[in-house]
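Shared between the two complexes below is subunit A, which has subunit B as its partner in the first and subunit C in the second.
Moving on, here comes the complex of A and B:
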């Protein structure tokens, strides 16, 4: 579905001293049905990579293709197709939900997009769809009439997930979806994402610094360090026989309970 | 107690509006009738604030003057906001050449003294309340450009803007649906502060004879007319001067109060 082809992303003026190379010659294939985990410490470029997949940013060099078509700001048609089938859950629901909108408006926002409606690929009845997705994420129908600040962190992330599900996407991008949440609700939200990915046959791209989270949800892993892919493969292989020294150090840093 | 500035500001602003509205149907005396017998009277039960050199009741004159003051303030601030806010939002949402052009043009206008602008306009169009309003409005545009630009930048950094883009919402729709409602409170505070600046500017221009003619009573004009009699009696100059000070204080308090009231970080303290 996605082909990331020798992508480099540099922030700041090129070749100046302050330039930051967030991604350096990254090549990656994401196939339908994959559950891909992107792992790395902060500053490794994992968020930059997922923003490129979401069409929120463009590569400095190389290209990102979605269903064979090159993603380009100036190509609204491809971008609309991307947005109709690729949705994203952000890290912090306190920032990703507009505080001045009611939950019903927030969740149905993708359905009211003219560009997405023109693709003909999204549900056409916002009211019915709103009730469906609220139910799927385990929120009462009455939530639609309330504002985001009236909910807890975990519930707010459920609202953000409901919004991502509303246009009936094929691919779900999640950028550190639980790291801003209380430890006590992380497992619930992770289980919700797992259930939704399974029942709706979604392709999942999950960014996290937390190897335990990746292991819980993903079957493929990409390890990023300083904007480069240092290791990739099936989750089982990477976890049991890490090849790169960086992966080994990441795995060694995971706290374990004594057996 | 934290709401005290807001309440005081609201009371003063409401009093000003009320005085202006009432003056349309009633004033204690005719605000335009020259009466030689009652010249320069001290405050008394008959004339609460005394009379001016033409024998006109100062309360009546002040009430009618409030109309001009309010009208100049409302039109200048509204006009500046209507021009400046969309430019500031555009500059905040689209970085690059467009943003640079808007911000540099705004800086140039900001550097131009408002008084110079007023003198230029008066030279071209003649002194009138409309000319003064236009000059004050133009001089206020960069204030709104800057304020809207900064506020838009901080809103654009929030994830709900990216979420709206992922949801396929176009830039103009994002501006209307997400940016405007979220920067609205900041702009409201700015409008109130600019309003008091506009009142002061109008008084200054009137005093210099760059705004209202003698036939239009404004507070600045009243001070100008009274200055020759300053040593005979201070009342005709003091009364409009205090009115200007009170109005400026009122709208500043209103702006400060609104800012505190709308600041979500201070919500728990309320």
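Moving on, here comes the complex of A and C:
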């Protein structure tokens, strides 16, 4: 699906003192059906990596290939193909959903894109699709006529997931999908993502600073620190037997209930 | 032992429709005690905090008493209340970016807290600001005092807030989700700093969070809030091992993500406690306003 090949992303003027290397020589393969977790703290480069996968940004050096084709932000056809099959869920549904649009418009917006429709890969009947995805994420059909502010945080994240599902994607990129939610709501959204990934055979790329969340949803994990991969392996192994000191410190920082 | 703060039958209504957001909330905080207040968004945790400090929006109606130092805070004139705030009763908000003034250098904001209650000279104040920023573990405190809030990381901003909140040796610090906007690693550091600072000042805290694991780490006692009512309270260990209310049982079950089998269906609060009819997600305006510096 994705090949990330020696990718470096530098922000700021190159070679200047203020330049920040968000990603430093990262190489990674994502295969169909993978459930990959990317973990690291703020500034480790995890969001930059996901933005590159989503075609929202271009690498400074190296390249990202999607189904064998090099991602180039100037090539609208590859991008359209990418957007028809790769969808994203962001951290905070309060800022990722347009407050002036009704839920129905928000969810079907990707289906109205001319470029996406030209790919022939997306559902053509927005009305039917809207009803389907709202049902899949557990929202009533009446939700379509309401505005995002009329919903709770967990429900808003369901709306964001419904929108991502609308074009019938193969890959779901989720950037901290539960970290803006209450712990009590977190379980519901995690259950929803688990169910959707299983029933729709989605490839999942999940970014989180919480290894417990990653272990629950993913089978593979990549640990990023200062833009470099410091550890990777099966989610369970990294969670149970972390090798890198950084991974250990991440795990130790997660607050846990005493027994 | 007399309680530091005694809240008795605190009720809050909002607006003309008088929606009832706090229902006969009663609890006490002993001197130096760390009390957690847990509940989900919209349960009334932040309204409780704002009500104690007289910071509720003007469309709020309150009833009941909040006794501190022999006086009822709810009946206190704003001028006297203002004197207590920032001195004996302080608050740490969730979002440090909104709690700090974005147009003012960090050092000046800390200096304001000193000058509010102390007639120190400019030079003296500056030295104390730099010393204080160093105490809360900020690197290069002299340089940082000259920086604007947006130049700091989230964790650094929250350190500045803690520096200000615990500067004047308060008796009670109300922390409203102080680490929710932070990463786990930074959260761990800020919680350690909070623990250190509270101990150093001998201050009590009312610690508000939706995360039971964080509350268990910080507090001795915990209160569970549901739809504006405290449905359970007790020592943290007791509540965790023998939760009486089904809602509390649900909260504890959802917080045990580390014990779940990966990919399995996680327990949710609804499995334990089904609400008859959840009020539509209408959150009163005062809750949405939390974090706004006033």
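In this section, the second predicted complex is superposed on the first by the 255 of 259 C-alpha atoms of A that agree within 3 Å, B and C clash if a C-alpha of one lies under 4 Å from a C-alpha of the other, contacts with A are read in each partner's own complex, and residues count from 1 in each chain.
Assume contacts are C-beta pairs under 8 Å (C-beta built on N, C-alpha and C of every residue); 3 or more make two chains touch, one makes a residue touch a chain.
Bear in mind the structure is a predicted one, so any value in this text is a computation, not a measurement.
Trainee: Between subunit B and subunit C, positioned on subunit A by superposition, is the outcome a clash or a fit?
Mentor: Overlaying the two complexes on subunit A (C-alpha atoms) leaves subunit C and subunit B fitting together cleanly.
Trainee: Would you check which partner chain A:41 touches, where first means subunit B only, second means subunit C only, and both and neither mean what they say?
Mentor: Only subunit C is touched by A:41; subunit B is not.
Trainee: Under the stated touch criterion, which partner chain does A:216 make contact with: subunit B (first), subunit C (second), both, or neither?
Mentor: Touch status of A:216: second partner only.
Trainee: Look at A:92 in the shared chain and tell me whether it touches subunit B only, subunit C only, both, or neither; answer first, second, both or neither.
Mentor: The answer is first: A:92 touches subunit B but not subunit C.
Trainee: For A:250, using the defined touch cut-off, is the partner it touches subunit B, subunit C, both, or neither? Pick first, second, both or neither.
Mentor: Only subunit C; A:250 stays clear of subunit B.
Trainee: Examine A:183 and indicate which partner it touches, taking first as subunit B and second as subunit C; both and neither are also allowed.
Mentor: Second partner only.
Trainee: Report, please, how wide the angle is at the C-alpha centre of subunit A between subunit B and subunit C, in steps of 10 degrees.
Mentor: 70
Trainee: Applying the touch criterion given at the start, work out whether A:150 contacts subunit B, subunit C, both or neither, answering first, second, both or neither.
Mentor: So A:150 only meets subunit C here.
Trainee: Once you lay one complex on the other using chain A, what is the shortest C-alpha distance from subunit B to subunit C, in Å?
Mentor: Minimum C-alpha separation, subunit B to subunit C, in the superposed model is 5 Å.
Trainee: Per the definitions at the top, what is the overlap between the subunit A residues touching subunit B and those touching subunit C?
Mentor: none
Trainee: Subunit A touches which residues of subunit B in the complex?
Mentor: Residues 158-160, 162-170, 177-178, 181-182 of subunit B touch subunit A in their complex.
Trainee: Can you list the subunit A residues touching subunit C in their complex?
Mentor: Residues 41-43, 150-153, 155, 182-188, 190-191, 194, 209-210, 212-213, 215-217, 235-236, 249-250, 252-258.
Trainee: Report the residues of subunit C in contact with subunit A in the complex, numbered from low to high.
Mentor: Listed in rising order, the residues of subunit C that touch subunit A are 40-42, 153-154, 183-188, 191, 210-214, 216-217, 237, 240, 250-252, 254-258, 260, 262-263, 265-270, 280-282.
Trainee: Over in the complex, which subunit A residues touch subunit B? Could you list them?
Mentor: By the definition above, subunit A touches subunit B via 51, 54-56, 80, 83-84, 86-88, 90-92, 95-101, 109-110, 113-116, 160, 163, 167.
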